[in-house]
Amino acid sequence: MNLKTPRTGGLALLAIVVAAAPIGFTNSYFYDVGVNAMFNAIVCVGLNLLIGYAGQISLGHAGFFALGAYGSALLTTMYNVPPIGALTISALVVGLLAFVVGRPILKLKGHYLAMATLGIGIIIHIVLKTESKFTGGPDGMSLDNFKMLGFTVMGDRMWYWVAGVLLILAVWLALNLIDSPVGRALRAVHGSEVGAEVVGVDTSSYKVLVFVVSAVFASVVGSLFAHKNGFITPDIGSFFGSVHLVTMVVLGGMASVFGAVVGAVILTLLPQVLASVEQYEAMILGVIMMGTMIFMPKGLLPSLLAKLKSREAGR
Amino acid sequence: MTLLKVENLSKEFGGVHAVEDLTFSVEPGHIHSIIGPNGAGKTTLFNLITGVYTPSAGRVLFQDRLVSGLKPYELAAMGMSRTFQNLQIFFNMQAIENVMVGAHLHLNRGFLSSFLRLPAVVRGDRECRARCTELMEFVGLAKYLDADAASMPYGALKRLEIARALAAKPKMLLLDEPAAGLNATESREIDEVIKRVAASGITVVLVEHDMKMVMGISDHITALDYGRKLAEGTPAEVRANPDVVKAYLGAHA
Amino acid sequence: MFAAFLQYLFSGLTSGAIYALAGLGFAIIYNASHVINFAQGEFIMIGGMASATLVAAGVPMPLAIVLALLISMAVGVALEKFAIEPARNADVVTIIIITIGASIFLRGATQIILDKEFHSLPAFSGETPIGVMGATLMPQSLWVFAVAAVMIVGLWWFFNRTMFGKAMLATSHNRLAAQLVGVGVKKVLLASFALSALLGAVGGVVVTPITFTNYEAGIMLGLKGFSAAVLGGLGNGGGAIIGGLIVGIVEALASGYLSSAYKDAIAFVIILFVLFFMPNGLFGKRGTDRV
Amino acid sequence: AEPIKIGAFLSATGPASFLGEPEKKTLEMYVEKMNKAGGVMGRKLELVVYDDGGAGDKASTFAKRLIESDKVDVLIGGSTTGTTMAAVPLVERAGIPFISLAGGVNIVEPVKKWVFKTPHTDRMAAEKVFGDMKKKGISKIALISEDAGFGKSGHDQSMLVVKNYGIEIVADEVYSPKDPDVTAQLTKIKNTPGVQAVFNFGFGQGPAIVTKNFKQLGMTVPLYQSHGVASKDYIKLAGEAAEGVRLPAAGLVVPDQLAATDPQKPVVTAFKKEYEAAFKSDVSTFAGHAYDGLQIFLAAAARAGSVDKEKVRDEIEKTSGYVGTGGLVSMTATDHMGLSLSAFHMVEIRKGDWVLSD
Amino acid sequence: MGTLLEISGLTSHYGRIQALKGIDVTVAEGELVALVGANGAGKTTLLRCISGVQPVSGGSVRFDGADITTLVAEKRVGLGISQSPEGRQVFGPMSVEDNLRLGAYLRSGPEIQADMQRMYDMFPILYKKRELPAGTLSGGQQQMLAIARALMGKPRVLLLDEPSMGLAPLLVEEIFRTIVALKEAGTTIFLVEQNAYAALAIADRGYVLETGSVVLSDTGQALISNEKVKEAYLGL
């Protein structure tokens, strides 16, 4: 195995980081933040397939995340579906929804696509807020622990390892995909749709498929997140949530699987770090976002790697 | 048997008749050139044949099947592939990856098997890379094997599109001004490439303003003007046609 | 029931004109750079907040308004100079994230420099409702309509009749070529931010007597403005106006005849529906790229 | 000695900053004040505040941080019902006294071992209003509410209790917190036959817009607002249109008008004075919720003689006869709020000021 | 005839790749100088450096005696340097007429209208299509527009990057005739062409560029008869 390829080397590094991070964790709050970071990372890895690789923006993915969360909450509390079943059913429904709306929506380009996905996300958010009989409305609803095969995932530590394994799995899947004919086709869609079409790439189907895949990633994580927190409110599906996800992807590095992970981790930790500066939090966060993008326009990871490479080559 | 039949084809853009009532056919194995003044409708014709545009009227038959209305990727699957006058390079990818996308139809492209990186996918990819390397060498891009497409000069990109189109293993290859941006010596290299492609049994439809190339390698030429057919025949016949000389070639050619 | 219908229409026109004003600001920066400026709502907010704070501090209203417009323009210029210009070669998405960062920053700064409270401005021509066939309209709404109308005419003139306006368009379509014909693209970008900040602030000032304002007021206006601009067709000022009015009227009619809980959702459904059939909005230019 | 650590997570920014901001200011002011006076039980107070921006998931993480990392002795906060409820599961697991500043009934119904709250519930506000309407012989009303947390919960509670007062809701409309105009909804209400009064549930600028539009349409039936507007800002924004609007509010907004015998009078007068002197802005009832939360905790800690969580919890539950800004608080094992309907007063807006009108 | 454009020791990089390795080129006032070279030799890069849209990493560009190495692009246009770029680069969604008018962006006065008319006379198809978006033109028509747009700047030195690309044979002749006419009218011209034979035939002098360096320079006629040039660029 060549540790220098992104797949094996990067995966190994990621596994080491996930395994070693808890050394610095002094209590379960750290685990909690770690889980949130990894959950976001998984969503972003999926979203990056859509945004970074296929070049299609989405400002509605928090909606899919929220649907996964509420799907699990509803099915487990009202219909007594076992959590894993609820997660699966929610993911299927979200996938189906993404498939149905994806066809017409993904014909749109650029800002028009951004508008349409934003619309989908907002509509989902409104439904979750309004149908309080099912969702508890803006005040939210609670749900139970994640139980499977007589085993209960409980406590931040356990969730940490579950999230860690899932993150590595997600990264592995994403790396596989992009380094395959399908991945190349996706990137070709980004480069030139006609160019891809005339050599046999069914661009609209690929766009829809990757949209569905990224939505399912979001939904599954949404379900798990709901169980982990035990309580959810509709604002997990708000427009800001979607913008936040896209920001993670772009900040970390579009078209870079590990970049998405880095972006998600940083933007999850940042508010925690900045919480102590109180009212200056927003200003500092804004400055960091602007500064990163100005000085590393390709995103953190790709820009840093490029710098490293040129230094190596310079020697 | 004819490979491609264009029947009474028309395309109109808000009053502009880019192609009008055009009929011609392409024989298999031929190098068939389309010439005509700027704005004669050559590129539009290519776009109609390859499904980028849908015709306003008329029809296109490929291998005796009605194909007007089909999507470009469906036509590609039937064996049609092309290059563009306005480059359609994947600038976000490496040169060799551009070519490998060309081979898309001949690879394992299931979502699931790609996700799981099944051995078959890996093997197919390795073979594909080797073949695409050969193709790049074939079109004269040996020195760009490791290059990012975004860093290549114009002339090289034109060749890259040819390599990509060839990677699709087409039955018919449509080239839109492959020699644009190449000097005379480089054009002669492309002559060679096209001749060898044709010799391998691929039918070539060529749009080109380099008359040395067109007259030198074509089996058959159709000349257009204002979207209509102006003349047709062997290079010698077309070159001698006074209408063509007047509208297109000028006295010197 | 005609009076009710008319009232819904007035309600929709009032909201719609506000959305339209917000949408116009997007058109300018889009026309100069193809960037959607997510901080556009903040220009509106700054216009409203600055004028309201100044008026509260005893500055005469006309002077307060002028100062507020200048402040907002200064913010727009600073944003371009320090955040957009240094990233000029970056992707559109990267620049969009920069504008998102800027909007977060501006909200944070406003909240510290000014406050978190709601503010209002006195209505320009009093608060006596104008009755029309059983329905009523506030005089301030007329101000909003008038300002929107003036702006749209001004923008049309700017982009169609002045060389500088054309240079701006040219810059967005092809930066390299614009440079090669002698357009100072830096100046153009700076001007576009100054101008859209000005437009935003004007909007902020005229709508504040109706909607009030606080440091977060820009979020909703930005979002609705973006919707209006996209629905109308990006870069088309008239489109943004019509888009804004449609969104406003759909919301009002939906509240009136269907369900006020779902009025926003219904507006978005309509937008989606329009985009399915007109992928470049109502009046957007179709792509002209040929292959 | 070790300081007593008070942890708070509040919505100091975001859509509920209307609530969180004064709450935060109040806590900071009183902690500082008490420390100047030498602290409590010989120990200094230490306040740790986080801003959850009104988001449930952030609130839950910050609550965890306060409990696990900052190791606070008590949790105050959750400016909204959503942020409160998001923290409840982990508070119950961790076992730490938690005093919420939000209005939702479901915070204390059913009773949760560790969770208390200081504000009146939305339901009480609704009941107070419906009681007032009943007195005036009103039986058919229109409800209009904001579709965010506060308004939505108020709406749902209103629907639950309205029948007890023999009142029928004949029109039920909703608006979004940032809608620039709600005349459409109000027109629908206006054209609904038989409406004798309109009741609006919301906070922030929405109710002010409702009030202005109400006036614009020339509607003449009584307009009731909820306790969400019990802040001078509302009167400022709505201007003259607010004349005659009635709402339920704590004594805090009308300290001078309270009867001299009212036990609340000295408490609220002092609080109002201190707050307004410190911040040069009008006091709101939300500030009072935070004040009450802090006092209830400190009193319980003093009675327990320590900050042992279990003991403090028990003492909070035994709070009895505490006179707060929100009213008289007497908690029990089955009532973790301890306020009665009498804590609310009906006030009416006249000449730009509150007038007690029970 | 004084030197109008003087390039000395010019280097330029794309990232770490050096595209120009110390170029020395001079163009005298009123001269027509041709530059030929294979794909990737650096011709386009050199023109971009002269116009100021490509960063220079070393050496200098002097125009009319003044050092303009660090001058911003629009100022150079103001001095009289116009370029018709490779790949046409028209303003696609804008009308043909607006494209032409923008060519004269830094000029003002009534003669602009007359100049525009001259362009329409030279390329009648542009007149026919003047109200249509430039992006809908055919490739060759766009090439005409790009050349005409550069001419609208009334430049002192005109930089042409492969002006004959994509043009029909008749028009190629026309373009070369136009270039000669412009030169005769006093415009200095720096011409990059793949149609090396035609370019050298009308050029006063020519340079041959290979992988970022000038390897030959001589009069146009001398280069045409140079064996190496014949073999590498003229396809003879």
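Letters A, B, C, D and E mark the chains in the order given here, with residues in each chain numbered from 1 onward.
Following the convention adopted for this analysis, a residue touches a chain if its C-beta (ideal position, glycine included) is under 8 Å from a C-beta of that chain, and two chains touch if they have at least 3 such contacts.
Which chain is which protein? Per UniProt: A = Branched-chain amino acid ABC transporter permease; C = ABC transporter permease; E = ABC transporter ATP-binding protein.
A quick note: this is a predicted structure, and the numbers were derived from the prediction, not measured.
Hopping across touching chains, the smallest step count from chain B to chain D is 2.
Shared contacts of chain C and chain D, meaning chains that touch the two of them, come down to A. Taking B-C and A-C together, the chain pair joined by more C-beta contacts is A-C. Chain E has its Cα centroid 42 Å from the Cα centroid of chain C. In whole angstrom, the spacing between the mean C-alpha positions of chain A and chain D is 36.
Annotation: 29 Å between the Cα-based centres of chain B and chain E.
Between chain A and chain B the centroid-to-centroid distance comes to 41 Å (mean Cα coordinates, whole Å).
Across the assembly, chain D contributes residues 13, 147 that each touch 2 or more other chains. Multi-chain contact residues of chain B (touching two or more other chains): 43, 52, 84-86, 88. Multi-chain contact residues of chain C, defined as those touching 2 or more other chains: 111, 261, 264, 289-291.
In the complex of the two chains, the chain A residues touching chain B come out as 55, 173, 176-177, 179-185, 187-188, 190-192, 194-203, 209, 213, 255.
Across the interface of their complex, chain E is touched by residues 163, 166-167, 169-170, 173-174, 176-186, 285, 288-290 of chain C. Of all residues in chain A, only 51, 57, 104-105, 107-112, 114-116, 119-120, 122-123, 126-127, 130, 194, 239, 243, 246-247, 250-251, 254, 279-290, 293-294, 297-299 touch chain C in the complex they form. Every residue of chain C that touches chain A in the complex is listed here, in rising order: 30, 36, 83, 86-87, 89-95, 97-98, 100-109, 111-112, 223, 226-227, 230-231, 234, 261-262, 264-265, 268-269, 271-272, 275-276, 279-281, 287, 291.
Every residue of chain B that touches chain C in the complex is listed here, in rising order: 43, 47, 52, 84-86, 88.
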